[in-house]
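In the part that follows, the structures are each spelled out as structure tokens.
Heads up, the next two complexes both have chain A, just with different partners, chain B and then chain C.
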Partner chain A sequence: MEKLILRYFNLLRTAIAITIGVILSIIIIYIVSREPTFSLKAFLLGPFQNTTTIGNIIETASPIIFCGIAIAMSFQAMQFNIGAEGAFFISAAVGTAFAVSTQMPSFLHIVTILLISAITGALWGYIPGFLKAKFMASEIVSTLMLNYVAYYSGLYLINYHFRDKKAGFMVSHRLAESAWLRQFIAGTRIHWGIILALAFALITYYLLYHTTLGYEIRTTGSNQNFARFGGINVFKVIIISQMLTGLIAGFGGMTEVMGIHRRFTWQLSPGYGWDGVIVALIGKNHPIYIVFASLFLSYLRVGGQQLKLLSDVPPELVLVIQAIIILLITAEAFLRNVKNRIAIRKAGYSKEAGIEHDS
Partner chain B sequence: MEPLLQLRNITHVYPTGVIANNNVSLNIKRNTIHAIVGENGAGKTTLMKIIFGILTPQEGSIIFKGKFIKLHSPNDAINLGIGMVHQHLMLAPELTVAENIVLGVEPKKGKLFFDGDRAIKITREIAQEYGLSVPPEKKISALPMGIRQRVEILKALFRNAELLILDEPTSVLTPQETDMLFDTLHSLAKSGKTILFISHKLKEVKAIAENVTVMRDGRIIATKPAGELTENEIAYLMVGRNLNSRRIESRESIGDSLLSVRNVSYIDENGMEVLKNISFDVHGGEIVGLAGVEGNGQTELVKIITGLLTPTGGNIFVNSADVTHSSPRKRRERGIAHIPEDRMEDGVAANATLQENIIVDRYYKSGFSRFFQLLWKRITRHTNELIKSFSIRTQSPKSNISMLSGGNIQKVVVAREFSSNPDVIIAAQPTRGIDVGSAEYIHQLLIDLRDKNRAIFLVSADLDEILKLSSRILVIYNGEIVALFPDPSRITGKQLGPYMLGLKKQESLYQESLNGKAHS
Partner chain C sequence: MSTILESIFSPDFGFVILRVTTPLLFASLGVAVSALSGTINIGLEGIMLVSAFTGVMVSAFTRSLLLALIAGVAAGVLLGMILAYFHLYLKTDVIIGAIALNFFASGITIFLLFLFTGDKGTSSSLRSLVFPEISIPILNKIPILGRIASGHNVLTYFALLSVLIYFILIYKTPLGLRIRAVGQNPEAAESVGINVNHIKIYALLLSGFFGAFGGLYLAMGYVSWFSRDMTAGRGFIAIAASTLGSHMPLRTLLGSLLFGSVSAFSIYISSLEVPSDLIQLIPYAVTVIVLTIYSGRVFSGKIKKPKELI
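Take a look at the complex of A and B:
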């Protein structure tokens, strides 16, 4: 039993954290809502209410998965690149610009647009990578600043050069149908982006754990001195890992434009890059776990929407509840003492066995 | 008379499951010097941390001056009169001696301001009282190790320590400084203090202690008056078998120069001249030992040879090829292997698995990967072979390195470095902090490699190790080679001391003797 607990400790801890988070949310809801049972139902079960809401979970998960995996590529190398948000935004803007100014047969159009976006993202990731590798410039600061650069440059590009003046909103021209990612489940907006996101999860999993580049990234992440000592080109790894972050986030950004809105509609940065940081932390930077973490986060987001739409709970508190749950999950030290105590007790048993052996 | 300190049935288990202390009971008599000896990992340091309040044992009790005590932090211990001098000194290097001594209990001017003059006066008084002279106004960073240690002792005495714990105090000292420390300890014991002294050097224990406690595997094996035990008997109790400390004879035939260091100098980013015009050769079939007090440029020299640091001037040749500007990987491919001085810092990734640690220098080679794909099955098989041939104690090749003991981690490093079939081995502190059994094993591996005509450059702070293994000995002081001894069998650690401290320098050190031609 104790062996099992130790083995699946992280999973167990996440489960307990979620339970505590849910209990706290129930308490908050009971305090603020006049019809708490109904509100609670809207929050927890609302996302599973019908095809549309289930579809919402999957649609929302797709860009989060992209950004989570993107962030994980840098985090695995211990590079705290938080620039997925900027790469996501600028690549979608550049990709949109390219898409509305070209005409091609559908398949070719889709492939070239995504390629252009991915390259834009990769180049975007090269900047903080190079600054870090060459000048030791903190990637936390540089990516945070670059997020602003990406945001305003992207807005400039769309609002001044590719804006659809007839639309009545600040949006880009509509993408030609040849550039659409098809939505394939009736009653939802689930599109090919989610399939591509899952494919990326598998590819990056393979990359990280079964290729030489992945080994270089992980080794640099677990001890950079050791990697250098062993002959790994740490300079190269720091740059490549951050280029991968930009590439994946940029690709994901464009799928969102091509699959959901079919035009560039963001006047505010959509925030998926930050969700990506959260799911990368929850999923311990493992692409497969990140998929599940993204689905869970997206479930919370949709539950929040339902709560906002249907109940009398103020939307601010919805965000508080979400934050509490995330906080509990990501708190590294949570329950660590329990783990230590079990480990010690186990050692105590084997100690007595050991003494018998000796004599 | 009642003992000053009694330990009863102390048991401490670390979260990793390691039982560091197993039912330990011990009495320390007043006004004596009591030595605790044992191999690394025997549980000495854990026991001291318990007495000093850093660790709380799961079981057992501590009785100090006849009273049961419970310690929650080092502050509790200090308030009761227990002081500790740590293995790695706990002083603020940028503060003066006086400031360090009064740190935490500073004299004040008014209620707010630090009274520097009083601090100096206090330091002078306490130094005089115990006959330990220190320069009160000098910065710690400007003082040699022996004096720093003295400051730490005074710091404990200033806090009215009656029981003074010293954790391997001689490991950072030269033989001369060690003698001075021992005089100090004797006079402290005479003036009414009780001293608990941890060591794994038997000569020292015999020289200073009245009582000796031997620990092994977390348990106490024996406590006896030092006079009743010979060095060999203590050694036997420590490891449970007889040890071989005999010097290994050098070989007659040495081969070509495999490693040449030529006029290497290094100036660090602060403009300090760390290495000055260093030249020497290491030939196939010999072990060249570099002796010196730590911090005299050894670390930088090793990093320059292995490619982790670029020298300001000079060249490095491996197998006659100039590698001065080659990457670490290029140098490894030329035949360099490197046992780093700090294995946790450079030698392993603690949170990676054993097999991931083994392949860091070879994962890209055929046999371990194809195109970009890692061949994990082969990697595991290869790791299992190394685990077997280097007798590494681990549950599996997929265990995390951090689950292994220090000695076994060092064996992982050694297994990787020696299995790459190197021509030149740079071994920096190859046996630091590991158990005697593993250390002896690593020594034997180094000698085997020497006998296979490989060139070995040994850097060690442990003079016994240098004297035991080396075919030639170089001494480094302040970034300069100050002495060369072509025949170590005729010298002792005492003779090396003055050179290590910079008191003496061989004037006739010319190039030929350095690159070994005069010897062969």
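Take a look at the complex of A and C:
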């Protein structure tokens, strides 16, 4: 038992953090709702009530998975690139611009559009990567700023050059049907983007844990000096990891346009880049875990929508809960005492069984 | 076009710049003091929101401006303390902690707004107070300058004063010296007996203090209500402004003024068929360039290395 706890300590801590978050939300619902049982049911079970809501969970998860994996590529190399938001936005804008101004047979169209978006994203990621590698410019600040540059450039591109003036609101022209990612489950909007997201999760998992580049990224992340002395080209790794971030986020941004909206509809930055940071943290930067973390986050989101539709509890509860979960999951020292105590006990200082919880 | 030019070269435009700059300046000082201690606070967005909300609520229910001020500032400082606690004692990364704080602030303010007012958008159904505008006796008689600089909200003047406070704090007080020492080289600071954690806590509390005023001004001066996510990215713009000014008092003021001017300018030209989006992105691009040049010079040893931002 103790051995298991030590081995899976991180997983356990994540589980405890999530449990605390869920318990807190139950308590809050009981305090504020006039019909707490009903509201609670809407929040926790609502997302599973029918095909549409289950579909919602999966649709919502798709862009979050992309951004989560994207962010993880940089975080694995200890590059705090939070620029998935910007890469997502500008790649979707450039991809849309390309999509509405070209005509091709469907498959070819889809492939070239996604390629263009991915390249846009990768180039976008190159900027903070290069500035960090070459000039030591903090990628946190530069990506935050570049998010705004991407946002305004994207808006400029769509609103001034590809705007559908007949639409009545600020959106781009509609994509031709040849550029659509099909929605393949009746009654939902689940589209090929989710399949591509899962494929990306598998590819990046393989890349990170079974290739030389992945090893180099992870080594740079855990100890840059060690990596450098070990002959790894840290300069290259810093740039490549951030280009991958841009590439994946950009690709994800375009799938969202092609699968759900079929035109560029964002006048505000949609925030998936920040969601990506959350799931990368919950999933410990591991692509497969990130998929589950994204599903969990979008489950909470859909639960929030159900609260909004059915109950008197504001859905912003979800924002509060996810903040608390992030804080607890990333608090390195949270429950560390428990771990240490178990480790000491295991080492033979005490043979008492049972686990005490630290407050 | 000529009418636009006319209005831009009128004193009113200067007045608007100061008005728009005020919340940015408070937030920038909040970023600056934290960055100087080596832990940059990207949670100003959240701090401002919570303070704005607290100020509006307290003023609406107590009808006291003083209580609203105290509560708003206390809320900001409390958030700084929460971030400090998680970062320094529970070892959460300060960037992640601040991101979580921003989510938390956005959620909790809308959540409570709804519970108190039944409205999820704004608090306009409440009769909350605003800080007074003051006309400065002699200044308001001077032709152009008077129209630019007089008649502002009292917090705008406090914002300008805060630059001086910040200057005195970091250059003339033992705490300021320690904040800079910790930021530049924590090991060296530790070796001369400075408690690095304590200094960082103070810096984050100060960060919350300055940020709080930015929030209070937004909801009780700039406008007279609280609305959801009303900070609208100002906490992030502040990072740019402060970085642009390398976290030094006067230069941070100039950085804030630059961003203030650009957003004032884009308000003015938004009626024209000029792509304001492109104009709005310029200061961010400039910040990236300045950051790069500055970091590059530090990197190549031309100027002494302050501890890297994170």
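One rule holds for everything that comes next: the second predicted complex is superposed on the first by the 337 of 359 C-alpha atoms of A that agree within 3 Å, B and C clash if a C-alpha of one lies under 4 Å from a C-alpha of the other, contacts with A are read in each partner's own complex, and residues count from 1 in each chain.
Following the convention adopted for this analysis, a contact is a pair of C-beta atoms (placed from the backbone, for glycine too) under 8 Å apart; a residue touches a chain by one contact, two chains touch by 3 or more.
Predicted model only: the values in this text are computed from it and were never measured.
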First, second, both or neither for A:Ala323, with chain B first and chain C second: second
Touched partner set for A:Thr219, first chain B, second chain C, both or neither: first
Chain A: partner with more touched residues, chain B or chain C: C
Which of chain B and chain C A:Tyr160 touches, first, second, both or neither: second
A:Ser138 touches, of chain B and chain C: first, second, both or neither? second
Which of chain B and chain C A:Ile203 touches, first, second, both or neither: neither
Which of chain B and chain C A:Ile27 touches, first, second, both or neither: neither
Which of chain B and chain C A:Thr211 touches, first, second, both or neither: first
Touching partner for A:Phe229 - first (chain B), second (chain C), both, neither: first
In the complex, chain C residues that touch chain A: 40, 42, 86, 89-93, 95-97, 99-101, 103-104, 106-108, 110-111, 114-115, 120, 233, 236-237, 239-240, 243, 275, 277-278, 280-281, 284-285, 287-288, 291-293, 295-296, 298-299, 308-310
Of chain A, residues touching chain B in the complex: 210-215, 218-219, 222-223, 225-233, 339-340, 343-344, 346-348, 350-351, 354-355
Chain A residues touching chain C - in the complex, by the definition given at the top: 32, 80, 82, 127, 131, 134-138, 140-142, 144-146, 148-149, 151-153, 155-156, 159-160, 274, 277-278, 281, 314, 316-324, 326-327, 330-334
Chain A-touching residues of chain B, taken from the complex the two chains share: 13-19, 22, 58, 306, 308, 327-329, 332, 338, 340, 345-352, 356, 359-361, 363-364, 369, 372-374, 376
